[in-house]
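What follows is a pair of complexes built around chain A, which joins chain B in one and chain C in the other.
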Partner chain A sequence: MIVRSPVPYILILAISGLLAFMPFFASGFQMAFAIGCLNYAVLATAWGLFSGPTRYVSLASVVFFGIGSYTVAVLGEVLPWPVILLISALIGGGVALIVGLATLRLAGIYFVIFTFGLSEMVRQLVTWYEVNVTRSIGRYIFLDITQPQIFWQLLGLLAVVLIGAVALQRSRLGFALRVIGGDETMARHFGLNPTFAKLGLFTASSAIMALAGAIMAPRWTYIDPAIAFNATLSFQVVIMALLGGMHRIYGPLLGAVLMSFLFEALGSQFPQAFSLLLGLVFIVIVYLLPNGIIGRIEELFALKRAVPQSTREGERT
Partner chain B sequence: MLEVSNLSVSYGRHLALSDVALSVGQGEIVVVLGANGAGKSTFIKALAGLVTPAPGARILLGGQSLERLPAHQIVEAGLALVPEGRHLFSTLTVAENLSLGAFLPRTRAQASDSLERVFAVFPKLRQRLSQIAGTMSGGEQQMVAIGRAMMTDPQLLLLDEPSLGLSPLLTTELFRALPNIAATGTSVLMVEQNSHQSLSISDRGYLLEDGRITGEGAASDLLQSEAVQKAYLGM
Partner chain C sequence: MFMNALLSGLTLGGVYALVAMGLTIQYGVSRSLNLGYGEFLIGAAFAVYVLFGALGISPYLLALVVVPVAFGLSWLIYRVMLTPILRRARTPVALEIDSLLLTFGLLFAMMGIMLLVFGSNYTSYTYLSVPVRILDATVALNRLVSFGAAVVVGALAFAFLMRTRTGMALRAVAVDPVGAQLVGIDVKWAAGLAFAIGGAIAALGGVLISTYMTFTAEMGVVFTMKALIVVIMAGVGHVVGALLVGLALGLIEAFVAAYLDPGLTVAVIYAVFLLALIVRPVGIFGRAVR
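Then we have the complex of A and B:
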């Protein structure tokens, strides 16, 4: 009933294995672009991990990303790097768990608004703490972590996330999640626990975003709450996932890569009108590609295949 | 096998169901007839644990009381719901929809036996396992919905207006399958507006009006009864 071919795992490992050689011949600009692209890919894939099956649109990506960055800014010179990464994932996941317990019973639209409000709230909280307790609004991050190291960490994280997502989709929990997105009452009737499943996914997805924020932090050297908790990032992640198609594992990844090129082109050609153009792109995607590029491709294939079945249409009542 | 007594449900101050009492024997097909708003859906939801009955209600299935159990434990206890409008997972395949019925531990162990029982009643489904449920006709979807409930290996199958939205021909085909389900020992309890066709395959029937049971009897008697003919059969 469920296909368990190892091909997806092999492909993910092979492609990321090949990409791992990139730092040995790429230019500085190419590396910077690749790192940005990988960061978006991790964030969008993690976003799709939760929002794809549950269809809850979260605008809180930057909350967890920023939590990861701030963990590095605070602990960067105190603890060894792997420990910092672990702590950032734990804090990100822990916050998600608390937030999720409080909000995942909300219906879709309220959840969207809440998550947007959450990112503002966390930004204000951190600002308040920095102003009143540490009495300096910005922090410097000086760590001996090179561009290639950041690249490899993000690449590794992306590979792990993709493999995890494929494994999850093939598991009983993954099946349960697809059902919950469809009809929660019937899911409950057949013994699935929607709240538990949603909470688990939200936590995992948020921990991944926090990890991405932590890995990216050394690139910044200076962060303050306005940089680390910049709400634009949350919207960018949503656009990417929508462009690729949030209902498939590889959709957000595809969207992230395409969008990174688009951001680069827009940012370098029309730096003044960047936000304006971004908004237009958003509208065009939602209007023309409601199910993303992958959804559109699937529709085209489905149309071809559906032809013989249309003869059954007369039986429909 | 199913014994319901003193079942009342209210939504706020509106009393939707008042002191309903009803019984279903093993392998029996029982239909509850009622017009729109008579309380049919509320009755079904109360049995399936989707709405909470007022205190004092008793719902016994094979001696086990269900009135306080959460929805999924009611399924574990042996009562499976086929909801109105079917509620299939339209993006999943038929096979996946069926396997959902066997999600709970007790039912998973018997999934392959249950699947054979489903095929025995609806042979059509065997060829359609890989079809996406949303692309099937209404009658076929109803078969999948009933099949999915049968996968829970239930003692009692609860059908909420199975003929809703089906053409008379498909309804006949669907109703013909129900005695085959009952023959395997699974009881069937359904609520319907389509009284003529449902009574003709049922053993017994109840009449539900304004949340109260106003009549009951053998299905063949109800088919002949003047009151029923006037109220439901439009004769």
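Then we have the complex of A and C:
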């Protein structure tokens, strides 16, 4: 089960190293698309990091993303950039810790519903605070951070997250997480502490999302609670991870890239039909790709080679 | 101010209770959580808005058309969309995730269609907007009539569940689907029926709310959320609990809006929900085993 080949690490570093040259020849439009795509890739991978092994469907991605953005909006001109990034990750992780402590003992379905409404609550609280305390609903972000810099930061973050995910999967903790995801009662009998493991993952995944939000914030110049805490983002992240296949590290990444192209192609032509499109993709995934594209590819290969399926049964939906 | 808050809380809470009752029947019996539930409510509100504008017939009479349509549509959705998933599912957890994702799809698809047809503007119409004085507070007549309708229909649905053989079959499936099958209840039929009843009640809630509230195509989620909070706080499948908690939710909302800040209603409801989840994860009226 535990493999120690260095190939995945080298591959991640090589590909991100090559992509790092993109800002030198890409046009403004291509850069904007690449940044959006990278942002989704980071968010979906971070989502899969927690939801893949634990099977908890979190709809709170935008909460942590928004927390990151707001940290930049509030502290942007006061502190140096690396410190801001660190603080946003800490706040995101801290909030996740509190939310996780309260909700991760619950059954999966309650967790979904709770996170479903959490973004609404946070948005309302921030709006209320801005209206009543600071007396202005929006904030401006004027920072000297160029598009290529945002691109490199996101690319670096994605590479770090992917390497971390691979390392985690190979560690004892990663194995424990797969056991927990397969059967929590059995995991308890093995002496594993599911709540602790889930909490750790949720915190890490949320801190990454907060970082992504912070890195993306300078692109907006103006943010208000409705922009930073737009609940659609949470659904987009879920759908990307599911499209690719959330049981593999690279699944969410693949889904994010594909969906970015789809949203770009269809979203610009039929902006009114965005919700309908999102809904139809959800339905198609559930019926045709229950394990995502990667799951479907694995099935095809398994059929060709006629490998016995029973060993992988626990990982399937 | 107190009487005003109390009255608006009661009238709103009455509709919440009704809508939550529909969801608790739907979810409790069919075991498939329908996240597109609120879309039926908003869809009915839009249908009444269009029909009332075109024909000028009272919204309460239009409910006689809209509600059966929602009943049939919900039943169809259950049979066509959800049964294949039920057949495929290997574990209850897999089924739960699949039906969640599927109804997310339903939610966005229905919302998307409404957005395409009606746009994202706030919509409202005036009907029976006559002020009525009760004690020292004023309420619009449409709120009172809607509250009355919610109470009557809620009572009828409750009597149906408690007094008829069909109602008993539904309750049996909610308590124990396997056991219900053993005593000769067609569980699939019961689940479809419960799903349809839930959709019909949601549509009725939409008709009632549309008479005094402005609504948008994107508001369905809010109602799903509130109904879900009520259902979970009360304990899934607990009808009386859903009615009481729904009423309480309306009152909390009205009093927070009146005394604290209208912008904080969701936050406060949410805090209450979180507290209830931590203290009693099975719901206030729920039993340990669902």
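FYI, the second predicted complex is superposed on the first by the 305 of 317 C-alpha atoms of A that agree within 3 Å, B and C clash if a C-alpha of one lies under 4 Å from a C-alpha of the other, contacts with A are read in each partner's own complex, and residues count from 1 in each chain.
Methods note: a contact is a pair of C-beta atoms (placed from the backbone, for glycine too) under 8 Å apart; a residue touches a chain by one contact, two chains touch by 3 or more.
From a predicted model like this one, the values you see are computed outputs, not experimental measurements.
Trainee: State whether A:I91 touches chain B only (first), chain C only (second), both chains, or neither.
Mentor: Neither partner.
Trainee: First (chain B), second (chain C), both or neither: which does A:I283 touch?
Mentor: second
Trainee: Tell me the contact category for A:F116 with respect to chain B and chain C: first, second, both or neither.
Mentor: In the superposed model, A:F116 contacts chain C only, not chain B.
Trainee: Tell me which partner A:F175 touches in the superposition: chain B (first), chain C (second), both or neither.
Mentor: It touches chain B, and chain C stays clear.
Trainee: Applying the touch criterion given at the start, work out whether A:W128 contacts chain B, chain C, both or neither, answering first, second, both or neither.
Mentor: So A:W128 only meets chain C here.
Trainee: By the touch definition at the top of the document, which applies to A:R188: first (chain B), second (chain C), both, or neither?
Mentor: A:R188 contacts chain B only, not chain C.
Trainee: Once the shared chain is lined up, is A:A273 touching chain B (first), chain C (second), both, or neither of them?
Mentor: Second partner only, chain C.
Trainee: Between chain B and chain C, which makes contact with more of the residues in chain A?
Mentor: Looking at chain A, the partner in contact with more of its residues is C.
Trainee: Indicate the residue numbers of chain A shared between its chain B interface and its chain C interface, in ascending order.
Mentor: 316-317
Trainee: Can you list the chain C residues touching chain A in their complex?
Mentor: 33, 81, 84-85, 88, 90, 93-94, 96-98, 100-102, 104-113, 115-116, 221-222, 225, 228-229, 232, 261, 263-264, 266-267, 270-271, 273-274, 277-278, 281
Trainee: Going by the contact rule at the top, pick out the chain B residues touching chain A in the complex.
Mentor: Counting only chain B, the residues touching chain A are 48, 50, 71-72, 75-76, 81, 83, 87, 89-92, 95-96, 99-101, 103-104, 135, 137-140, 148, 152, 165-167, 170.
Trainee: In the complex, go through chain A and note every residue touching chain B.
Mentor: Contact set of chain A toward chain B: 1, 172, 175-176, 178-179, 182-183, 185-186, 188-192, 306, 309, 312, 315-317.
Trainee: So in the complex, which bits of chain A are touching chain C?
Mentor: 55, 57, 102-103, 105-110, 112-114, 116-118, 120-121, 124-125, 127-128, 131-132, 231, 235, 238, 242, 272-283, 285-287, 290, 316-317
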